[in-house]
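Lettered A, B, C, D and E in written order, each chain numbered from 1.
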Amino acid sequence: MPTELVLISTLFTGLMLGVIFSLVAAGVTIIYGSIWMPNAANGQFFLLAALALWSAAVSWGLHPVVAALLVIGASVPASLLLEQMLIRRFYDVPNRNVSYFVLSLGITQILAGLFSVTYGVWSDQFQIPPLMAGITFLGPFPVSNSRLAALVTGVALLAALFALLRYHKYGRAIRAVFQNRDAASLRGVNVRAIYRLSFVLGNLVVAAGGVLYAFAYSFDLSVSWSMSITAFAIMIIGGPGSVVGAVAVGMVFGFTQAIVSAFASPTVATFSYLGAMLLILLMKPSGLFAR
Amino acid sequence: MLEISGLTIRYGAFLAVGSLDIVIGKGDIVGLIGPNGAGKTSTVKALGGLIKPAAGRIAFRGRDLAGVPAHERITLGLSIVPEGRGIFARMSVEENLLMGAYAFDGADKAARMRRVYDLFPILAERRWQAAGTMSGGQQQMLAVSMGLMAEPEMIVLDEPSLGLAPIVIEEIGKALIRLREAGVTVFLVEQNATLTADVSDRIYVMSNGTVLHHGTAEEITRNEDMLGALL
Amino acid sequence: MTGRVPLFEAEGIVMRFGGVVALRKVSVTQFEGETLGMIGPNGSGKTTFVNVVTGHLAPQEGRVRVAGAEVTGFRPHRMAAAGITRTYQAVRVFRELTVADNIATATVDAPNRMDADEIAATLDWLQLGHRLAVPAGSLTLFEQRRLEILMRLVQRARLIMLDEPVGGLSATEVRAMLQVLGDLRRRTGLFVIEHAMKVIRELADSVVVMLAGEKLMQGTPAEILADKRVVDQYLGRAHA
Amino acid sequence: MTDALRKHGRGLLVFAVAAYALPLLLAGNRYFAFIGGIALLHVVWTAGMSLLYGYAGLMPLMFAGIAGISAYAAVGLMAAGFAFWTALPVAALFAALVGVGLGLPALRLKGFYFTLCSLVIQTVITLAFVYFVNLTNGDTGISQIAPPAWFGGPLQGVGFDLVLATLAVGAMVALVLIVEAPFGRRLVAVREDDELAEMLGIDVVRQKLAAFFVGSLFAAVGGAFYAPYVGFVSPRSFDVLLSLNIWLMVAFGGRGTIWGAVVGTVLLAPLPFLLQDYYKVKDVIYGLLIIGVIVLLPGGILGGLGSRAAAGTGTQSPGLRRKEAA
Amino acid sequence: ADQESVKVGFVTELTGPWSFFGTACVAGLKFAEATLNPPGKRKIEFIQIDNQTQPTQAVAAARNLDIQSKVIALSGPTSSDTALAIYGYAEQNKVPFLVPVAAFPQLTKPGTRYSFRIEPNAAGWGYAIAEFVAKQKPGAKIALMHSDFALMRAISAGLKYQAAKKGLKIEPEIVFPQGSNDATVQAAQVLAANPDYVVVVGAGGFDNTITNQLLDVGIKPEKIIHPYGMATQVKGWGKRSVGSLYGTFFDANLDTVTAEGRKFIDDFKAQNKRLPSYVENYCYVTSQIIREVIDADPKAGDDREVFRNTLSALKSKEVTSGIPIEFDKNGARKEYIYFMQIQDVGEVEYKSKPVFTTNWDPEIIPVYDLVK
């Protein structure tokens, strides 16, 4: 059943891409929505996670699951270090979003430079050994178990993230700090702790996105910028700071990509979701899920 | 309950508060009045830990607040309603109230919320409205309510009457008196001398960063000069 | 009734925000040479009314006319060009710019602006002349309120709608502000929203009372202050 | 107008002398002269960015895209037989208009969201450059672009450099005039508080559009000259990195200070060329430099020194100044 | 000995998106250095500059080398974008330019005088695929999936041209924009169309992604053709792709590799833990050609016109494979390609066997009109 095959593969692709987009955009939006940092380096962080996974799984020969946990775990101390060295210096700067943007461009530049003279020299394409062997059929559509596992993990992560922000008071505290920092601290919110936590959490989610992406797809160094841009686009449409928006729009992007590229062409798909973005903004400049 | 001694606040070279002494006993309503720029808000900010005083000591229930960060003060029982409302504009009224009880995990938030809804029924009616789209006065009510959600030992209100209709100001006055009856200490920072005089046990009059006068409400209102200057 | 030229006519204004109806068929006309006051409980729609008349909000129903011409839904800059302007409930100036730059900005697109001498005289009158080089954000609240007014005056606004002009001012400053406003009403049309009855009593020729988005009544200060509904729902026992 | 020139006259003079001296001093070495020429081109771009970012508070990250549209248009017109000097104004105007059209949705956004949105638009433009092969030759690019004709001969070498110097000086003069004109004051007002500005009679939408158009025009003119100067254009010549760099030069030098942007440009534009031999650490150095400046001088190099001067366009209004003189 | 060394500017991709190719090229070049300057001969020196995979930078670097270092000739690019940028500069400023690896046809378009190219043009690769498929299965149906890069457009143009002549059908053709990252749906579409062969040309890691998606949905490896295969690509496709086909101009598994080529392969493998492919080979060969030019006419080391003319007249062989090197009037070589079938993929090496070879004249199809 060829049409059924195309249909199911479209749905699967939409979901898979949507989950990756959502994760990265959620990480970006958490960081923007708390410390006001538009992290242009998010794509580089994403790539860093994917490359680190490659090193751990391919060069060191660790089991892929161990390597994945290691990489995601390592994002925590790395983020803390970065927070300590650079990020916290700007917490009290007026208009710090601009300072942060410059900062993140600097970081982007450094990471891109490092990748280019290391990984860029080692290979032009990176592929991680499968998480697990075998293939599962979704109707007529075969999916490698490895990708399926990445998808399930991604969905679980998003659900956990959603629950954390929705049902834990930390979620409300992030928003409170974003909207009125002094008032939040008077109400008992430890502003700096929230900042730190958000930065770490956001990066962790981005790193998880990178790791899952690497399991699902082969990649090269060029994914970083396109991911940065896509994540920004999703954040703007979804309403900056809104994780629900990031997930909803991330899914829409994923499905648009899949559907339009199936029924028109991949190029039209890229134009179409970016064009849709402009249209939505024309109608609702604050984003769909602005808070 | 609260003891401020020798409090000095500087903004760069500018001396906003110079060696201020205020003592507030448990269960009192104490007023602090004074013209614009007297240093009232600066004092409140220092109480809240939002600015660091250049000198002086603030003791709350006998404990020096010097090393206590802003966010821990509310758990000590000190709830501050800042000037300029201090609400979360893009959260709903209800979420704002929940933020008011943020530091109190075990508390019965629904019950607390019912109590503030009794005080300001319009808030119950508008519980889903984004706080920032409420009218100026409604926002002020919300701000006071957030302060009350902490059910504190002591509440500090910085110009709660700003922008409120006369009848609401009256309501707030009554509410403050009820709070005192419930054992809450109230520090009322105001420019509205009438409200302050109506409810306060004692009043500090502040100008140019220092206390000019200090006495019971009657003493202050009896002082003709002062009345002239304030009312 | 000769010379009763309306500054603006608002007719049957309805303004809804989702479920909240902020204004229900409100009609108000202000005539030249008259100072209009507006009072009402919090949330009764006063600020919203000013927003509609000055073009910040486009009403769902009703129309606004200025000098006989319909201006409903005009953006604020066109209202300003027509001489209708306002101040904000929370004071609003260009905080980072100096007082002089604030003034210059106010004149930049004002077709009928004052000349340098007049500006200097107005500066003296409002006692801001010595503050020209200071960033407006570091002025005192009272100075900022005066600057707000000055910025409308240099445009030769025909009507200034003041949203709680004495809010946050100390008793002494309120008195000083009253003097300023007393002079001001001789120069230009004034529309004043206030909760401070003193201001309304001293300035307003006529007062509109708002209640829950509706115009409850209009009358002289004495009339409205004597009205039982106004006392019960707005002023409270203390003012009775 | 004369006020503006008087106020910035010294700066303009110094800049003009430097801009003209540069090609002459480097004339003996076409390589350094070329880097100088590229820097002068960047001055045109950053002047436009200064206007938008420093004065109107808009931070568009699609300048490279607009420059590219202009460059492709100019090359296309030249291929169709038009002289460069005819192609230039047409291409620049066209690109600036397209820029405004694309920027419209973004202009409705406030503050930083505008920036992010323009970043996405830049990406779309780059994709379009690759995609519309018939117009742009795709990512192959267009090479061997002929130099403009100039008094019968081709405009090359020092001659072209001097034209670029003139262009850069012209851009700075234009910037100074615009910024000191009422238009500049309106932009500052819009930047500081657009709602209040609107209340005071300033048509905010129109000012933003006008600013965006003028700023884009700077980008477009630079782009049109870029094509024959470098002799080659491709989508990668006008990618997002160029957009970011143009903005960085302004932020780096000091936002809202007219000469800050020039300082930033002169320091950063030649860097990739000068670091060519240190390719392994080049990006890292560039990144560290950016981070270093933002950490040590948050207001940029010049902005860090005189931050207050950055905010206003002058301390006194023209009206008042006249009175003092009287 | 009192003679100054001959300087050649080597502008290549050491950073940026193509850095892998530039670096691989330099690695290949390095192996030639041992034999490049035998005692008694005039020394040849390569000055390497990074072009950041940026055309502007490439032009600037060319200018730098031309003016600052006064090189006799330029070389180095491994990507068509940077090569084309330098091409313009070289032709305008009359600097000989020897392109090691860049397949875009226009680099030797009619009228070209100073640019010479070692790699066959990409439209020809497409031509060769059509020839190969037509031989395997006349009237076959080919699915074409490619990224939107100049190189890939050139390949498909050649393929489409020759397929039409040979009565092959191309369907579907799927073009992915730059920066694409998924091909799941497209793989399903291809499966649904049930073609005889699938030609896959993705950029970078995306090439693996497409290949994997095709294999995932059950397309047999024997149906997949990659127009070119570098060692890392072959490794990237992995064991699953055993049986699939790729084109190449030099491969460690070819019998035609000479003794010198063998040594090159072994040395390279020892140092880089992988096999060299044609990119490394062409850069290795480039230095050898320059040596021959200088040896053929001593004046070529000092005079660019002489260098250009000597190079143009050169009749030589790739030392590694014995394949002739001769340039036509536009600087293009007589072209050839091998199609290899993967037989095994290991950690360092892979095994493959040649299944088809063809060679052709650059103008056997109208390449210069096919892709502009």
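Quick note on the criterion: a residue touches a chain if its C-beta (ideal position, glycine included) is under 8 Å from a C-beta of that chain, and two chains touch if they have at least 3 such contacts.
Chain identities (UniProt): A, D = Branched-chain amino acid ABC transporter permease; B, C = ABC transporter domain-containing protein.
Only a predicted model underlies this, so the values are computations on that prediction, with no experimental measurement involved.
**Q** So which chains count as neighbours of both subunit C and subunit E?
**A** Neighbours common to subunit C and subunit E are D.
**Q** Tally the contacting C-beta pairs at the A-E interface and at the B-C interface, and name the larger one.
**A** Between B-C and A-E, contacts are more numerous in A-E.
**Q** Starting from the mean Cα coordinates of subunit B and subunit C, work out the distance between those two points in Å.
**A** One centre to the other, that is 30 Å.
**Q** Find the geometric centre of each of subunit B and subunit D from their Cα atoms only, then give the gap between the two centres in Å, rounded to an integer.
**A** Distance between chain centres, rounded to whole Å: 51 Å.
**Q** Counting in whole Å, what is the centre-to-centre distance of subunit C and subunit D, each centre being its mean C-alpha position?
**A** Roughly 43 Å separates the two chain centres.
**Q** Give me the residues of subunit A that touch two or more other chains.
**A** Only 113, 116-117, 225-226, 267, 270 qualify.
**Q** Among the residues of subunit D, which are close enough to touch at least two other chains?
**A** 127, 131, 279-280, 282-283
**Q** Where in subunit C do residues touch two or more other chains at once?
**A** In subunit C, nothing touches at least two other chains.
**Q** Write out all the pairs of touching chains, ordered by chain label.
**A** Inter-chain contacts occur between A-B, A-D, A-E, B-C, C-D, D-E.
**Q** So in the complex, which bits of subunit A are touching subunit E?
**A** Touching subunit E from subunit A are residues 2-3, 5-6, 8-10, 12-13, 16-17, 113, 116-117, 120-127, 135, 141-144, 147, 217-223, 225-226, 257-258, 261-262, 265-267, 270.
**Q** Going by the contact rule set out above, which residues of subunit C touch subunit D in the complex?
**A** 54, 56, 75-77, 80-81, 85-86, 92-98, 100-101, 103-110, 115-117, 119-120, 132-133, 135, 151, 155
**Q** For subunit D, which residues count as touching subunit C in their complex?
**A** So the residues of subunit D in touch with subunit C come to 182, 185-186, 188-189, 192-193, 195-204, 308, 311-320, 322-323.
**Q** Okay, in this complex, where on subunit B does subunit A touch?
**A** So the residues of subunit B touching subunit A come out as 48-50, 69-75, 79-80, 82, 86-91, 95, 98-100, 102-103, 105, 146, 150.
**Q** Spell out the residues on subunit D that touch subunit E in their complex, using ranges where they run on.
**A** Checking each residue of subunit D against subunit E gives 29-31, 34-35, 38, 127, 130-131, 133, 137-141, 143-145, 230-234, 236-237, 272-273, 276-277, 279-280, 282-283.
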